[in-house]
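Order of writing sets the chain letters: A, B, C, D and E. Residues in each chain are counted from 1.
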Amino acid sequence: MAILAAILVVISKNPVHSVLWLIVVFIAISGHYILLDAQFLAIVNLIVYAGAIMVLFLFVFMLMNLNAETEPQKNRWLKIAGVVTGGALLLVLVAALKRADLKAQIAEMNKGDIGLIHNLGIALFHDYVIPFEISSVLFLSAMVGVVVIGRREGAPKPPFGQDYGA
Amino acid sequence: MTHLVWLVPALPLAGFLINGLFRNSLPKSLTGIVGCGTVLVSFVLSLLIFGEVRQEGFQPAVINLFDFISVDKLHIAFSFQVDQLSTLFLLIITGVGFLIHLYSTSYMHEEEPPHFARYFSYLNLFVFSMLLLVLGANYVILFIGWEGVGLCSYLLIGYWFKNLDYGYAARKAFIMNRIGDLGFLIAIFLMITKFGSVDFAEVFGKAGGVGRGAITAITLLLFVGATGKSAQIPLYTWLPDAMAGPTPVSALIHAATMVTAGIYMIARSHVLYDLAPATQTVVAVIGLATALLAATIALKQHDIKKVLAYSTVSQLGYMFLGLGVGAYDGAVFHVMTHAFFKALLFLGAGSVIHAMGGEQDMRKMGGLRKWMPATHITFLLACLAISGIPPFSGFFSKDEILAAAYGKNPIYYVIGVFTALLTAFYMFRLYAMTFRGAFRGTHDQEHHLHESPAAMTIPLWILAILAVVAGFLGIPEAFAPHAHWLAGYLRPALGEAAHGPELAKGTELGLMAVSVALAVIGVGYAWVRFSKKPDLAEPTGFGKVLANKWYVDELYNAIVVRPLDLLAQFLVFFEKNIIDGIVNGVGRLVHYGSRQLRLLQSGLVGGYVLLMVVGIVVLFLVELFIKK
Amino acid sequence: MNGASQRLTHQGTTAGDTQYIQTMNAIVLSAIWGIVMMFSGIVTSSKTAIRNTAVVGLLLLVIVNYADMVGYHVEIDTHKMLFFDTFGLLGNSIAFVSTLLLVLLSGRDMEKVGNNLAEYFALIFFVLCGVAIVTTFNTLLMLFLGIEIISIPLYILTGSDKRNLKSNEAALKYFLMGSFSTGLMLLGIAFLYGASSTGTFFIDDLWTARAQVGPLFMAGLLMLLVSMAFKVSAAPFHFWTPDVYDGAPTVFTSFMATIVKVSIFVGFIRLFDEAFGADQVHWQIFVALITAATLFIGNITAVFQQSVKRMLAYSSIAQAGFMLLALLTLNGIAKQGIILYAAAYSLATIGIFAILIRMKDYTFEGFNGLARKQPVLAATCTIFLLSLAGIPLTGGFFAKYYMIAAVIATGKFMWLVVFALLCAAVSVYYYFRVIQAMYFKDGDGTTEAEPSSGFKGLLVVLAVGVIVLGVFPQTLLHQLTRLVYTW
Amino acid sequence: MPINYYIFLAVALFCIGVAGVLTRRNAIIIFMCIELMLNAVNLLLVAFSKMHHHALAATTPSAGIDGQLFVFFIMVVAAAEVSVGLAVIVMMYRNTHSIDVNFLNRLKH
Amino acid sequence: MVPVLLILIPLVTGLVGFFFRSEGPAKVWALLSSLATLVVSLVGLGLAKSSPFLHANVAWLPDLGSRFAVGMDGLSTILSLLTAICFPLIFIATWRVKYSKPWNFYALMLLSQAGLIGVFLATDALLFYFFWELALIPVYFLSSQWGGERRIQATFKFFVYTFVGSLMMLIGIIWIYSHTADHSFSLESFYALRTKISSHDQTWIFWLMFVAFAIKMPIWPLHTWQPDAYEQAPTAVTMVLSAVMVKMGVFGLIRWLAPVVPVGTWAWGDTVSTCCVIGMIYASLVAIRQDDLKRLVAYSSIAHMGLMCLAVFATDANGMQGVMIQMFNHGINILGLWIVVDLIERQFGTRKISELGGLAQKAPGLAILLVIVALANVALPLTNAFVGEFLLFSGVFTSTATQYNVVFMCVAGLSIILGAVYTLNMIQRVFFGNTNGLTERGVDIKFNEKVVLAVIVVIIVFVGIYPRPVLDLTKETADFILTKMSYKQ
């Protein structure tokens, strides 16, 4: 089902639809998380992705109020090539991996509790404190970045120099 | 005395330097004095040395001046060898050389002082190199002289450098000599490999020790060198062209001395040649062929100097015949006599040309004996000498060679004698057309006719005397036993067998009779035929072939010069388009590739990602299939 | 000698553990200073002040980093998340010093980009923080975070010239492809995680934890290789480079092309040495292929460029190709070499860009006759170009020398060496085109404004540095030899 | 259930994402596809973490937790990327009223 | 001590030279510096072989096992002497030439001199490579700045061509270095290897390095950069190129290649020799067809260098000595030729043989000096070149390294004849015959030019008559190299 939804994300003409389909994918994935008893992640996934991020996407779409692909479908060769290579990648990956003898490895259901917020929290703030701090820097930079980008600076000026190439 | 021998070449060298460096400041008179004086002094020195050498039991002396080249095993000293042979040549060179210098002082007096000086400096340089050639105690020094004289002949032929044709003649001479020199050079290297030395003494000492093949190779290569220098088939064509130079030069270089260097060299290395009969045959045949060929060509020439030139070639052929049949002293003897009478002939011709105001075509001459008696007499004597009329010098030397040839192989003799007949014929054709009959030149030429000044006639007389009496240095056994002074004198240098095969007294006399008879016939026929009505008509038929020298020059052009030229043209093309083309092609390829690769940078994100993914796929494929 | 095995011997020694517990002076400081810069924009509007603060910060960075190297530092337990060794720290110091030089040379030109100077500096400091992480990471998590911390600000800086469509376009392209490669990297990490028997992200455990070189392991390795290759712009994952470098404001192009690229290279080598050094045989062939492709495409494509800026973008690809040789061999010579290469390359490139920024016209014609107008600029530029071309007496020569020597020492891949040097010969073509333009062509190539004497002086210093590197690499080399022993 | 299924599922999702990136021209959709890729990876990581946990739970109870934490960090980063990415896209849209990536070809060759 | 000075004087003076701002002083400065170098090199010549002042060895890059090691044995002495002689002569001969920014010109000239001398003196491979490039770079700038109208392309072709070569050489050097026992670039440890390198590697190394040297010499078919470069470079630079720089190739071959990889050298000797012989004939024939004096001289130089290379591979005592003395001679002679060409070009503004003629009437002094130099060029006895070529040819002929020695010698010998052909052609058509409109206004040479040519002629004749000093100087080196080259023991 996740796969189906994913394919729909890719092929659906109307961006809004694909957003919605993406949400479906996320929900499906969250389901898998539950199955793999990563409860915390499941919740976070739903809240952050399906909730916040997707809303952001929709918002941007509305802002640009383009609901259908406006441009005509040019160079479909690129499309076909894209699909083909994507398929090829899938093939080679599968080919590479199916030789992996992981049959024995079982991901069993409903056992263990590492997925609980409690344990995760302990690990996070004990072993993973450094990365945690670091990620704050990441956010900081993102924030600054958005600020820089966000400010208006008047009308676009033509690119400096002449247009090279060709 | 011999230890002072280095002075003999040194003096002309000094003369060369003085005249060369101060050519702009010296007055002609001084130049002449320097030019002649140095040669005269070295002549005197040579005489003194000769006086020492001619004594019985004189051992060849090697004077070591300094080490020229010495690399680990190879040691080449700059050393001179004084023995009978070299001394004889010293005398010829310096003696005749001096006379010709003297002659030149007046022959060239119209030249500007600088050029006059240039002329004499060249001449001195030539004498120096020639002396180096004959004095050298090893093949390298000999070779140095060898190329030196070549250079001088180049410079002197092209002396009047304003005239391009003269220049080309000079170039031809130099290059043809170079071809021979290459052979000589290879011979030297072969000696180095075989004997580890180039000293005469050492080489001859070891000569017996090495294989027949090597000796033959060496001797043949040396002979190649000789053909270049001494104008033998196939490299003789430069000599006639060399007549472009001033006449005294022709006399000195292209008749008396330089061209006989080949004979000297072979006589010098007679030890090797004795060991290589095959080569001897080759030498003999080539010599004979050259003699005949040149003689036939001489029959139909109209340029007075050309005739003499071909006769020189022919006479040189004789000498090689002599060498080929082992009569080394005969050959040397002929060198000497020939030096006298041929120099005389050239100088005579020179004085004729001088009188005719530069005219060289015999058809415009005639009856000159009225105007220039001295020249006429001396010239006649010389003609008799070269034609082999007894008791003139030519008779003795030529007959000695012919006799030896007969001993070797009668056919040699037959051809030789026939050539002698031709010689007599064309020489007297020349004589008759020049001095007999009526004058055929223009009026002002006739007006201008006069006997040459003393500076020119004195040498003529001296040479004439020599040309007459020189023969008595080598009276054949047939006339008087052990009267052959020259043979005796040269025996230490040329070895016992130097005289060639001995003949019975009777046969020898018979042979002489035949040759003399033929000579007389030739002389007489030519005399009567050309005194009255000289041949002015354009030659036809076979005569035309002869007049055009058997078209040999044309032949060489067709088979050597043209192909080389075409090849060079092709190479230039090849250079520009193939080799350089490839080099530049690489550059162009890079450019082209660059222009194409740029197009990958399509500017489309989709395209970029696509290519990236393709790259990943490729890596995985390598991982899956190609690797291990 | 492959890193992993040494690492084992190394862990035996007690010195090893302290190196986990070291502090990350640089990281902390750069982060903090980033914030400082941020607020400096608010408290003062004087650009000079801002610039000076930045300079001070950079100076401090260099100092504390050196302190790290000689062992003065506050001790914090990083839980083996980071591992500090001379190699990484040298990488840091090169990055910091070059940034300092960059700011000193082209600080003024940043103002022209837009009016958020303070933020630009803040972002630069954040990037440096990421750099410090990437050069000293010890787990894939930190690598991932470091890379991201480098990338995200760079997206911004690329697009910082907002009114310039080229800049926007570059930013978007960079962003899309960058996050795509992030996806690839994560997939690779996931595979490796799966392949490791104990489920770890520690690079020094990876190679012990993997049962054998299974397909899962190889798949992850390749994915990582690809994504890192993307970051250092190695063919065929280089396509973003020319467009982004061309589109971005030149100052930041210079920053990306030197500091970022070099430090990611350090991380690259660190990763493959630590994690996969033992399995070199399995992946050498791929690196060789990528190297060849990079050298080829970089050099050949650069030949035909009309714009010097774009030519430099391609040349940076080509130079990356040479640096990949170090990754290929991973022996002591290579590790010395990569540091030297980093230094030489950064110095030269910063110098050239600094001059390029001042030019009116970025095409080759723009440089015509510069030697008459600006002899100093022309001369220094020539030296930098010679260095990039690898001519002796310049640092570039020894850089290339080490790379070649490293490969020859392995005795394999001779074909690659010859190929690489042929490409180097090609590179002479486009580098010398600039020289020819400056000296032998007539034209009015000139700068926008008469450059200040300080600028010139700094350029000369830089050039002298390049030459010193070329004649007496001793100073640096000694550090390097020490480093080789510690490994 | 065997881990293979999860692997293939994740890989399939990932490749769909890739295909999307290749085929679509709307910047935002491409970006979404990338998010899809990230999620595929997340899924894979969680699966692996579970696998390791199952294998080693006996010895170390907390085995496999790293995987889930990694996923957590991925989400963090993804969020940051989204904000920046959207900002860039919006800026682009402001200047050229389009978000078709095929119109981004001022820079080429 | 002495070698260090030899390198430092031109280097430092050159760097200083950039700061002059007027022609006169710059000129004089350059001349003085080159004279000083000459004096020092003469001192070096005077010192005994055992003198400690002839060697210097300073730590440079201990980590790489490379030291700043320079030394003077016979070979390097004679070649540095050649360099030291050439530069003052060049400066004097081109005294009247006007350059734009002359100070830069002279400074660069001095720098290249430093590089050249360094190449000849270095006894450390890396140092050798450094100087090799140092000699090249200034020449690149000189030619591209002050050359003819096609200078940029021609010079660039020359530069890239040689640069590719030197990069290949670099690979070779590093490869050998990786074999050395003590990981050092020093000549000794290189010589210590010889047969320790596998013959397979030797083949690689040989070709990698030989390409560099072959391009420099140049050997057919890698020669095509030369005529263009010579034609386009300013004549002063052309003199440097052909008088000294081409010797770098032969020198490298003798010093750094043949003794180090004797097996490879021996194995590929015949191949290379064949190229040399082809090249000699080829170049001579092409030279016959040339109408441009510079190109003619260039091709003749190709022929001569081919002979030297041939002799090196002959591995024979005579040949080796011949090579060493001939390198010196050829440098002197061709310098003379270039000076004459330059004089002609400066006077009449053309190098086309077809446009000249009859100069001998207008400039007899020039004509005579040219004839002497030209005769030296065709190796006439009692000129220096005769000694050289005699030894070279005899070396090739007596060589035991190949069984084709006779063939090589005989074919190569043809170049003697061809050489005479094109040289005499040139003399003939430039100096003899009648003057034309162009050459009517010819005048004889000035004093400074006369002096230079006189010096050259004196050297030519002296060495031609008494070559002993030179031969003794190089004897030891030659034997040493040969023992190294004979790998059988």
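Methods note: a residue touches a chain if its C-beta (ideal position, glycine included) is under 8 Å from a C-beta of that chain, and two chains touch if they have at least 3 such contacts.
In this text, all values refer to a predicted model and were calculated from it rather than measured experimentally.
Common neighbours of chain B and chain D under the contact rule above are A, C. Any chain that touches chain B and also touches chain E is listed here: C.
Pairwise, the chains sharing the most contacting C-beta pairs are A-D. Chain A and chain E have centres, each the mean of its CA atoms, that are 68 Å apart.
Chain centres here are Cα averages; for chain A and chain C they lie 29 Å apart. Separation between the centroids of chain A and chain D, computed from CA atoms only, is 4 Å. Mean C-alpha position of chain C lies 43 Å from that of chain E. Chain C has residues 141, 145, 148, 152, 155-156, 159, 162-163, 165-166, 173, 176, 180, 194, 218-219, 242-243, 246, 429 in contact with two or more other chains.
Counting only residues that touch two or more partner chains, chain D has 3, 7, 14, 17-18, 21-23, 25, 30, 49, 51, 53, 55, 63-64, 66, 69, 73, 77, 80-81, 84, 88-89, 91, 95, 101-102, 104, 106-109.
Each of residues 78, 81-82, 85-86, 89, 93, 96-97, 100, 102, 128, 131, 135, 138, 141-142, 145, 149, 156, 159, 164-165 in chain A touches at least two other chains. Every pair of chains meeting the contact definition is listed here: A-B, A-C, A-D, B-C, B-D, B-E, C-D, C-E. Chain B contributes residues 598-599, 601-606, 609-610, 613 to its touches with chain D in the complex. For chain D in complex with chain C, the residues that touch the partner chain are 3, 7, 10, 14, 17, 21, 27, 30-31, 34, 37-38, 40-41, 44-45, 48-49, 51-53, 55-56, 63-64, 66-67, 69-70, 73-74, 77, 80-81, 84-85, 88-89, 91-92, 95-96, 101, 104, 106-108. Interface residues of chain E, counted against chain B in their complex, comprise 157, 160-161, 221, 224-225, 282, 285-286, 288-289, 317-318, 321, 358, 360-361, 364, 375, 380-382, 386-387, 390-391, 393-394, 397-398, 409-410, 413-414, 416-417, 420-421, 424-425, 428, 431-434, 466-468, 471, 475, 479.
Listed in rising order, the residues of chain D touching chain B in the complex are 18, 21-23, 25, 30, 101-102, 104-109.
Listing the residues of chain B that touch chain A in their complex gives 598, 604, 606-607, 610, 613-614, 616-617, 620-621, 623-624.
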